[in-house]
Amino acid sequence: MKVGFVGLGRMGAEIARRLLSKNGRLTVWNRTKGKAEGLVKEGATLAKSLDELAASEIVFSMLPDDQTIDETLLRSGVFDQARSGIIHVNLSTISPGFSSKLAEYHRTKGQKYVSAPVLGRPEAARAGQLTILAAGDPEALAMLQPLLDSFGKKTWALGAEAEKANVVKLANNLMLAAAVESMSEASALVGGYGLEAGRFLEIANSGPFACPVYQLYGKAIASEAFEPAGFSARLGAKDVRLGLAAGEEAGVPMPMFSAVRDSLLEAKALGDEEKDLAVLGRIARARAGRR
Amino acid sequence: MKVGFVGLGRMGAEIARRLLSKNGRLTVWNRTKGKAEGLVKEGATLAKSLDELAASEIVFSMLPDDQTIDETLLRSGVFDQARSGIIHVNLSTISPGFSSKLAEYHRTKGQKYVSAPVLGRPEAARAGQLTILAAGDPEALAMLQPLLDSFGKKTWALGAEAEKANVVKLANNLMLAAAVESMSEASALVGGYGLEAGRFLEIANSGPFACPVYQLYGKAIASEAFEPAGFSARLGAKDVRLGLAAGEEAGVPMPMFSAVRDSLLEAKALGDEEKDLAVLGRIARARAGRR
Amino acid sequence: MKVGFVGLGRMGAEIARRLLSKNGRLTVWNRTKGKAEGLVKEGATLAKSLDELAASEIVFSMLPDDQTIDETLLRSGVFDQARSGIIHVNLSTISPGFSSKLAEYHRTKGQKYVSAPVLGRPEAARAGQLTILAAGDPEALAMLQPLLDSFGKKTWALGAEAEKANVVKLANNLMLAAAVESMSEASALVGGYGLEAGRFLEIANSGPFACPVYQLYGKAIASEAFEPAGFSARLGAKDVRLGLAAGEEAGVPMPMFSAVRDSLLEAKALGDEEKDLAVLGRIARARAGRR
Amino acid sequence: MKVGFVGLGRMGAEIARRLLSKNGRLTVWNRTKGKAEGLVKEGATLAKSLDELAASEIVFSMLPDDQTIDETLLRSGVFDQARSGIIHVNLSTISPGFSSKLAEYHRTKGQKYVSAPVLGRPEAARAGQLTILAAGDPEALAMLQPLLDSFGKKTWALGAEAEKANVVKLANNLMLAAAVESMSEASALVGGYGLEAGRFLEIANSGPFACPVYQLYGKAIASEAFEPAGFSARLGAKDVRLGLAAGEEAGVPMPMFSAVRDSLLEAKALGDEEKDLAVLGRIARARAGRR
């Protein structure tokens, strides 16, 4: 099949590699050309211009945010020239509202849109172990499944409305940020009584909280391993912002998540936003006067 | 050994049962006598008065809060008559400050104090599967270990300062309440976009949040199974209050946990405080205008 | 002078009326033509198209938000045809970021931009009693003063950077919303002890809080006079959202104002967003279980 | 009349001085005797022991908190020896719950209890310009009025239930702390855009917020005049804690006031709790990374 891929950031590149391996061929495009080199060596075709992707049957995109997608894929008009029936699979974490808009955009062109944000880190992508949250045109989804299986271990089908996949992704990431803030505040508390965060988190995370999110971020908080960032405070803040905005749009107050937003903003204010999300541990401790 | 036990609530009774079975004998006391009946049938001795416990080598207590312990065990003067070297093992969730006060109280009497709050529900106690957080006199702790093993699967030794066990317990329960509020707000969000809480929580809790706390409370939130309460919103609110007060005492701001406090207070205001902590799911949804 | 005015909502119309009266003539434009009728009867000229305003020496605008200004004034290209040296005076409450963008936009065209949001209600505008927060090109500001004086009793000059006027307006309105929430929560508290909100607010607002914002909204809270809205919860929420976003942009956490955002969102969720901002009083009471 | 006074802190001493002046005589007692010297020189009688006050017709008390009153006046048994019909006027800011308990305590002894917390600073007391919030036995209240008028410019009668005066005091002080936090966060925001807090507060506090609380604390925030403390962050935190606890008792969530609590706790954590409440301005700025 003729498959295109736009957006070769760290996560995008890993997914593209799996797709290339599965499909045998893949046409890739990235604003910064250098990022495509590795894939081209492995057999991918580098599109000379974005317009070449219009000839694809399926285009995957993994771009950073609503605005970049708007500028790169919509305002460029690349889909104006695309074949009827082309499927656009958007892997990015975007707002539900913009996802609906994308779905409508493609519908009016006789094209198909599938929203497929993923849970997991780049290493999981490399191993084909991502969790995929998929929503959109059911036929398109069925056809895509073998390709999705190349980078995901499990695809959750969330219905025909594309935005639903995005809201699930945001809800999950709000919970993730809250879990990190929770360990951070609890660690600051035990620290206030002379106990090490690591000791406390070992207890909590081997029992009631023995799950990936707590164990992964718990270790980073305990050992203050904030660099390099696996998932930065800045990206965490972006997802929390999108999540709260989605709540605002739908009339859903989420006061505890609002409090997480403020801690993330403190991380920014203190110059820590490019560090790992686990840096919230340091923020909570600083707030208690310990640096 | 001569072992006494005060406080035969649901959790206390299960632990007492395990101790009786292990030690062969146990003298019990409870304000409401009826609650001792089961244990007496199984071989425990019912103390005619609290004073009888003064003859014990070890006294376990599982009373609801600081004030009840103060009134029942301190103001009653029962320990004034106790043998020197008696060990008081306090299993309750109390404030670190009051725990220190208890340690000091016994020290001045030549007695020993061990703080040993537990993680787990009554069913885990019955199965001898609790997690025990223990701190206090090291010799006493070593001597107690076989008895602790009768109801716990794991004892975490947290040093000689009794209050440390209590602060770990509070930190853990703050995290627990926050996890429940987190699922509640996230579920309200996806609900605002027409998705069922159960569907969303199935995804989150089989992946990044695949741990006991999330799975247990997630199911209750999804199915709206709030009665009977395993752990009531009222008890959750008590622990959050103690946790925040411990932070206040030590100068540790915990803004996200403060937000949880307000949701628990809403549960009280709406008449739901005797329901399971999972009722926060309903509160979050009501706040979004869906009842 | 040739003066144009765009945006004849309730506030815009009152200001336009004062400008017309002062300047003798005024060319007005509004998307909904009907709203211009009153002013035309009083002597204003109705522009047949927005392009006519390009011939003005000064154009005032009072449009609802960033996006409407972008669509109406920027994308329409009306300023492309405008005379060099034209002054655009923007009276709206917009984001500081967009205000900077507007300043840059006009600068590159050799035009001048002044940001002049106002404090006060339509009645104050009608009486020429608004407070004007002005920032932008100093020469333009000096020249504008007589016109500003026609609707304002006081102009605060906030320097050459236009965005500063906007951030002052947002900071003020964050304080306003917080004051209303403060009275609402305090009233709910005394209500929990059987005291009337009105009795309490009479005390507070005749003493330590004897100022316009408290007295005006305090009366509305006490008497539950939420309709018609003087300043709606929806508009309050818009300003709080802009204010929090401005804080996010500049790395300024404002946790108390975040809490106000959530109460405003509850107002939306409960269907009260078109009621007066004072409806926060009802929200606080409902949260306490009293309806 | 035989009038006694207990608690000669800064505020207590000023009120006692006015009472002495009005009544001609006053028997005073204070734990630290030195504090009574000034009043004795002016004609007050120093009680040799607290018991002497039992001979009074009216006893005023101005002690720091619930616990001190409990220890000083209740556990000491001073009122056991008091004449029937004695009136105890409690001027302190205490919890509504403890106020009810005091009322009940005196009722069972055939004595009368009036709760009369005050609004205003020591300078206002000195000038006889306090605002008095009074509740309790109506006959006692009527009889007291001339004495209250000696230090207050206005007495608000809040009914027969003593606790109502206390809840009004707490509600007022919650609003006060929130107003200070509001100015602090708003000032941090404008600071993030390069504007001075003083400039902004001058605008807000000469218009919509032109009232004593805003103007007094606004000046302190703008000029960073945090010492000596007029009303310390520690005392502010005490009142906020009492206020939130009163809300918890009555089932009234106050999420915005909860956020104020956390800022006050940060002040404590950063070693600023003995500074003026206005130090919240510095806390808000520090949170934004500016020190």
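Here the chain labels run A, B, C and D in written order, and each chain numbers its own residues starting at 1.
In this text, contacts are C-beta pairs under 8 Å (C-beta built on N, C-alpha and C of every residue); 3 or more make two chains touch, one makes a residue touch a chain.
Predicted model only: the values in this text are computed from it and were never measured.
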Copies subunit B and subunit C touch via same or different residues, half shared test: same
Centroid-based (C-alpha) most distant chain relative to subunit C: B
Distance between the centres, which are taken as Cα means, of subunit D and subunit C, whole angstrom: 38
Mean-CA-position distance for subunit C and subunit B (Å): 52
Inter-centroid spacing, subunit D versus subunit B (mean Cα positions, whole Å): 37
Residues of subunit C touching at least two other chains: 247, 251-255, 258-259, 262-263, 266, 269, 287-289
Complex interface listing, subunit C residues touching subunit B: 255, 266, 269-271, 287-289
Sites on subunit A touched by subunit C in the complex: 241, 247-248, 251-255, 258-259, 261-263, 265-266, 268-269
List of subunit D residues in touch with subunit C within their complex: 96, 119, 131, 133, 156, 158, 161, 163-164, 167-168, 170-172, 174-176, 178-179, 181-183, 185-195, 199-200, 203-204, 207-214, 243, 246-247, 250-260, 262-263, 284, 287-289
